[in-house]
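Each structure below is given as structure tokens.
The two complexes that follow have chain A in common; it is paired with chain B in the first and with chain C in the second.
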Partner chain A sequence: MLGLLLCLALMTLASLLFGAGDVGPAAAWSVLTGTGGEEARFVVESLRAPRTAVGIGVGMALGVAGALIQAAARNPLAEPGLLGVSAGSALAVAIALVLGASAATLRVSVAQLGALAGCLFVLAVARLNGVGGDPVRLVLAGAVLSGLLGALTSLILLVDQRSADEIRFWIVGSLAGRRLDDLQSMLPSLAAAGALTLAVARPLAALALGERVAVGLGHRPRLVRLLTVVAVALLVGAATAVAGPIAFVGLVVPFAARALAGPDIRRSLWLALPLGPILVLGADVLSRLLVAPSEMPLGVITALVGAPVLIAVVRAHRLPAV
Partner chain B sequence: MQLRSLRPGISRFGAALMLFALSGVLTTAQARTLDTAYGEVEIDGQPTRVVTLYEGALDTALTAGVTPLGAVATRGGEGVAAYLGDAAAGIDIVGTARETNMEAVVALRPDLILASSRLSQAQYELLSRLAPTIVPTTEGFEPDAWRDEARLFASALGREAPVDKALEEIDNRSHSLAARQPRTAPEVTLARWMPNGPMVMSTRLFATGMLAAAGFTVEDGGVVNEGRPHSDPLSLENLARIDSDWLFLATLNDEGDAALDAARQSPAFARLDVVQRDRVVPVDGQLWTSASGPIAASRVLDDIEAAMAQ
Partner chain C sequence: MKTRMLSLPQWRARRADAVPAPQGTWRLAARISGRDLSLLVDRRAALANLGLCLALAVVALLSLCLGSLPLDPRTALNGLLGQGDVMDVFVVQALRLPRLAAGLATGAAFALAGCLMQTLARNRLATPGIVGIDNGATAFAVASVIGVGTSLAPPPMALVGAATATAVTFALASDIGTRGYRFIVAGIGVGAVFGALTQLMMARVAIDAANAAYPWTVGSLNTRDASAVLWLSAGLLVAFVGAAGLSRAMTVLRFSDAVARGLGYRVKACRYLALAIAVGLTGLAVAVAGPVGLVALIGPEIARQLSSPRGVPLTASVLAGALVMTAADLTGRLLLAPIEVPVGIVTAIVGAPFLLWILLRPSSRFVS
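Here is the complex of A and B:
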């Protein structure tokens, strides 16, 4: 855990030091030590610091959401981005934008509603015969849903060219230009989801031992799953509202957390807190450096990192028990 | 040319009528051979059922006094570009710049098709079976290519005079605007505002060519790659590259001012020198970054003149 926190501190520093612009690490460092020119101060304080803060919030939300939904679906491949939760969220936002909405607060709640619908679909599919027992089938079902929702979002983009520029951002996520206001709009949801997570962590660990064991220990599996799904929707919706859909973070983070701490959800949830931001900030720094003076969408980088992990998990002889 | 020297004081309307009558007399005599990207094309008379598959061709046809039966939609829009207004009312949409609806073209039974220099060989072979198809030989991006294209299309239509006249008026106007510029030409950048950052337009496009003709030095901040019409959206950390004396900011919406407001909310944009000096000019992206042709040129000059008068 200490190592992870150190790693997170390093990533935060890197996120402040590196960018697509002319302000290099040396100039940025001089800003951090209290000197530095006006231009460098603006870039570090008004551009890089806010997106770093937002990146930490988004990373935590997506990492924890991934760990939760994997536990609720009992599937190591369940991931908000892969299962259509993010796509549902993005579609809901796109519809709201076309209908004329623009307030940041509205976006968060709309995105959360879309995410909730996506989550409920995932759980419904997970309970179908033959799907629940086979993790890969659930991912296939999620891919179908993602594809469908993505196509609908594209359709809106085609029909309403006027808002095309604004919606394009909702197809691949990014942290560019995010501000502290954006992080603020996430905070109530993060707090509520955090409380829910604390409440369901122990029952989820019991569920991992089997439904009967959980019932025997006095837990109510249906209620636990429902609360978990609400927490996931709050987290993914808030993250999607500020950063757009970012896939694979919810897959890679729980995977790494289990590798470090074993299968107990109560421990891997804590590890997801620093791991999510480490991944998101790392990917964001890459997104700025790869195609300077432009930037690559963050969602593309996380997909490049995440796809090999997905393949590795599927190829593993025995899928780790969740 | 001859006509103008004979009747120097004649009104534009009268001139157009005269030309129309004159060219009507000459139609049968003027079979002509045009050099196009896919070889020589023979055209006789004045085509009347014209389909334009390129915004520059539509603009030129309207300049020449021909209302095409069909045209492609402007980029990012559902109909033809808004700047054409009522002149383009009632024209059927037969596709977008990227994709032509062949059946819609066939249904119009064209006797002339005017296309863009980017028309593919496969498309050309289909279209040229319907009607003579004119594809300009322009390669890459040349700020003045639209003039040659306009002359080629005008010749295909058999109506050169009104187009030549419009081109000359545009030259005169841009010269007089250039003469009003300060001794050191002011620098200008043309960009399109996107939520993630601005895309800088190449210096080799139609609209940036018009800015240059009006006496500006057009800058692209060194971020537009060779052979590309514009840069990728620039990182907000690099906005200093668009901080010229003037910034023309295009949007594909009609709501240019709304886009400017959105841009202003970005602290990285608001702190630019050009923004603080209030030298940001919101312009119609359909006109400035998608269109070309004599009418578009005249409208672009209107915008430039209005900005310079501020």
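Here is the complex of A and C:
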């Protein structure tokens, strides 16, 4: 845990120091130590610092959401981005924009509604007879759902060019140009979801032992799953509203957390808190450096990191039980 | 002489009228230069192919007639022959006919590739689009379009990309796994990586180049390239002959490997050959229309519903794929005119619910 926090601090520093523009690490460092020029000060304080803060928020939300949905679906491959939850919020936001709503707070709640619908679909599929026992089939169904929702979003954007222009930089998943307001719009949801997560962590750990054990220990599996899904929707919706759909974070983070802390959900949830921001900030720094002086979408980097993890999980001879 | 005498009764028994045709088939018999030749035609498959041909002709005629300049069928057909008003002739011959041809060829290629892959993996979901071959071909073709370190034209680059993606997926999946699912999910991962690479390249080029390439990356017939269509047509001919040669082996491959081997087929060789055909077709088709992967799923599925379960419906898949592609393109052109909806989006919206239904039916038999 201490090591992870140190790692997170390093990543935050890197995110402040490196950029795609002219302000290099040395100039940024001088700003941090109190000296430094006008331009460097502006870049670091009003561009990189908010961006880093938003990255930390988004990373925490996506990492925790991944751990939660994996526990609720009892499937190590479940991931909000892969399963169509992020695509659901993206579609909801696109529809809201076309209908003329553009306020940031509204966008968050609309995205959460879309995410909730996506989550409920995932849970329904996971509970279907026959499919639930086969982790891989759930992923396949999710991939198909994402494709469908993505196609509908493209269709809407095609029809409404004005919204398309507004949404184009958001739909690819990126942290570029995010401000502190964006983080503020996330905060209430993050707090609510955090409270829910604390409430369901113990029952979820019991649920991992099987439905009957959980009932025997006095938990109510249906209620627990419902609350978990609401928490996931709050988290994914908020993160997607701010940063756009970013896939694979929710897969990689719980995978790493389980590798570090073992299968207990209560411990891997805590580890997900620093791991998510580490991944998102690291990917964001890479996205600025790889094609400097331009930037590339954050979702591309997380896909390049996450897809091999997906394959590794599938290749593992016996899928690890969650 | 003695052997001749012995073989005579058997030869008689095989004559056309001696044995009744099996149920559900027609026997076509002919005597050509003293030899009796006969052919068993599956009745249901023949009717299905005939019906698909008719439907295809109707949709093809519609797609020549309809558009921003509607023509009545007679004018369209006259235009096809180069008669009538100059404007009509131009619209039909220069605009709609090449697009129709591209649609027919890509649809046929995707569906044939899909049918072959489904059969060799024994899983209806194992189509090129789902296991990442489309994305690999797209990534390489985009690299060629925007000129990243290569001077090859899009079709050969798309071929290379399709082959690369397949090889990587196979290497990663190491074995096909139960019912091919491990292979499929490894393919989804590989597809995600190649999709990310495509986006990376699109992010690096100038905005107008990226805008020009965008419809193609979601799958559209609007940006087709004449030479790519030629490549595809040639490839399709070769592939169809090859697939027809494999059709018996494919029929047997639907059963277990042990059965196929026991019947004298070289299972591995058949599988690799079919896979090579499927990969080649997908690469060439992607070079024309971009990744319209769901046609590879819908086409064979329609074919399988219509044809008899006796064989692998390769011909019916080709026809159904061409039908789906042409109809989807026509819908995309008309739906929100004057805006054109790329055919990839139409097939995704129509095909995804269908795919989900296959996947989630409670009593589904997954193995084709």
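A few notes on this one:
What we mean here is this: the second predicted complex is superposed on the first by the 321 of 322 C-alpha atoms of A that agree within 3 Å, B and C clash if a C-alpha of one lies under 4 Å from a C-alpha of the other, contacts with A are read in each partner's own complex, and residues count from 1 in each chain.
Basically, contacts are C-beta pairs under 8 Å (C-beta built on N, C-alpha and C of every residue); 3 or more make two chains touch, one makes a residue touch a chain.
This structure is a prediction, so every number in the text was calculated from the model and none was measured.
Superposition of the two structures on chain A shows chain C clashing with chain B. In the superposition on chain A, A:L310 contacts chain C only, with no contact to chain B. By the touch criterion defined above, A:A67 lies against neither chain B nor chain C after alignment on the C-alpha atoms of chain A. By the touch criterion defined above, A:L4 reaches neither chain B nor chain C. By the touch criterion defined above, A:L77 reaches chain C but does not reach chain B.
In the superposed pair of complexes, A:L152 makes contact with chain C only, with no contact to chain B.
Contact with both chain B and chain C is seen for A:S294 once the two complexes are overlaid on the shared chain. Within the superposed three-chain model, A:A143 lies in touch with chain C and out of touch with chain B [touch as defined at top]. Set against each other, chain B and chain C touch different numbers of residues in chain A, with C touching more. Once the two complexes are laid over each other on the shared chain, residue contacts for A:V285 go to neither chain B nor chain C. When both complexes are overlaid on chain A, the residue A:A193 reaches neither chain B nor chain C.
Counting contacts as defined above, chain A residues 291, 294-295 meet chain B in one complex and chain C in the other.
Interface residues of chain B facing chain A in the complex, by the touch rule stated above, are 76-78, 194-197, 223, 231-238, 240-241, 252-253, 266-268, 271. Considering their complex, residues 19-23, 39, 42-43, 46-48, 161-162, 164-166, 169, 174, 176-177, 179, 288, 291-295 of chain A touch chain B.
Of all the residues in chain A, the ones that touch chain C in their complex are 77, 125, 128-131, 134, 136-137, 139-141, 143-145, 147-148, 150-152, 154-155, 158-159, 172, 247-248, 290-291, 294-297, 299-301, 303-304, 306-308, 310-311, 314-315.
Within the complex, the chain C residues that touch chain A are 125, 130, 172-174, 181-182, 184-186, 188-190, 192-193, 195-197, 199-200, 203-204, 218, 336, 339, 341-342, 344-345, 348-349, 352-353, 355-356, 359-360, 362.
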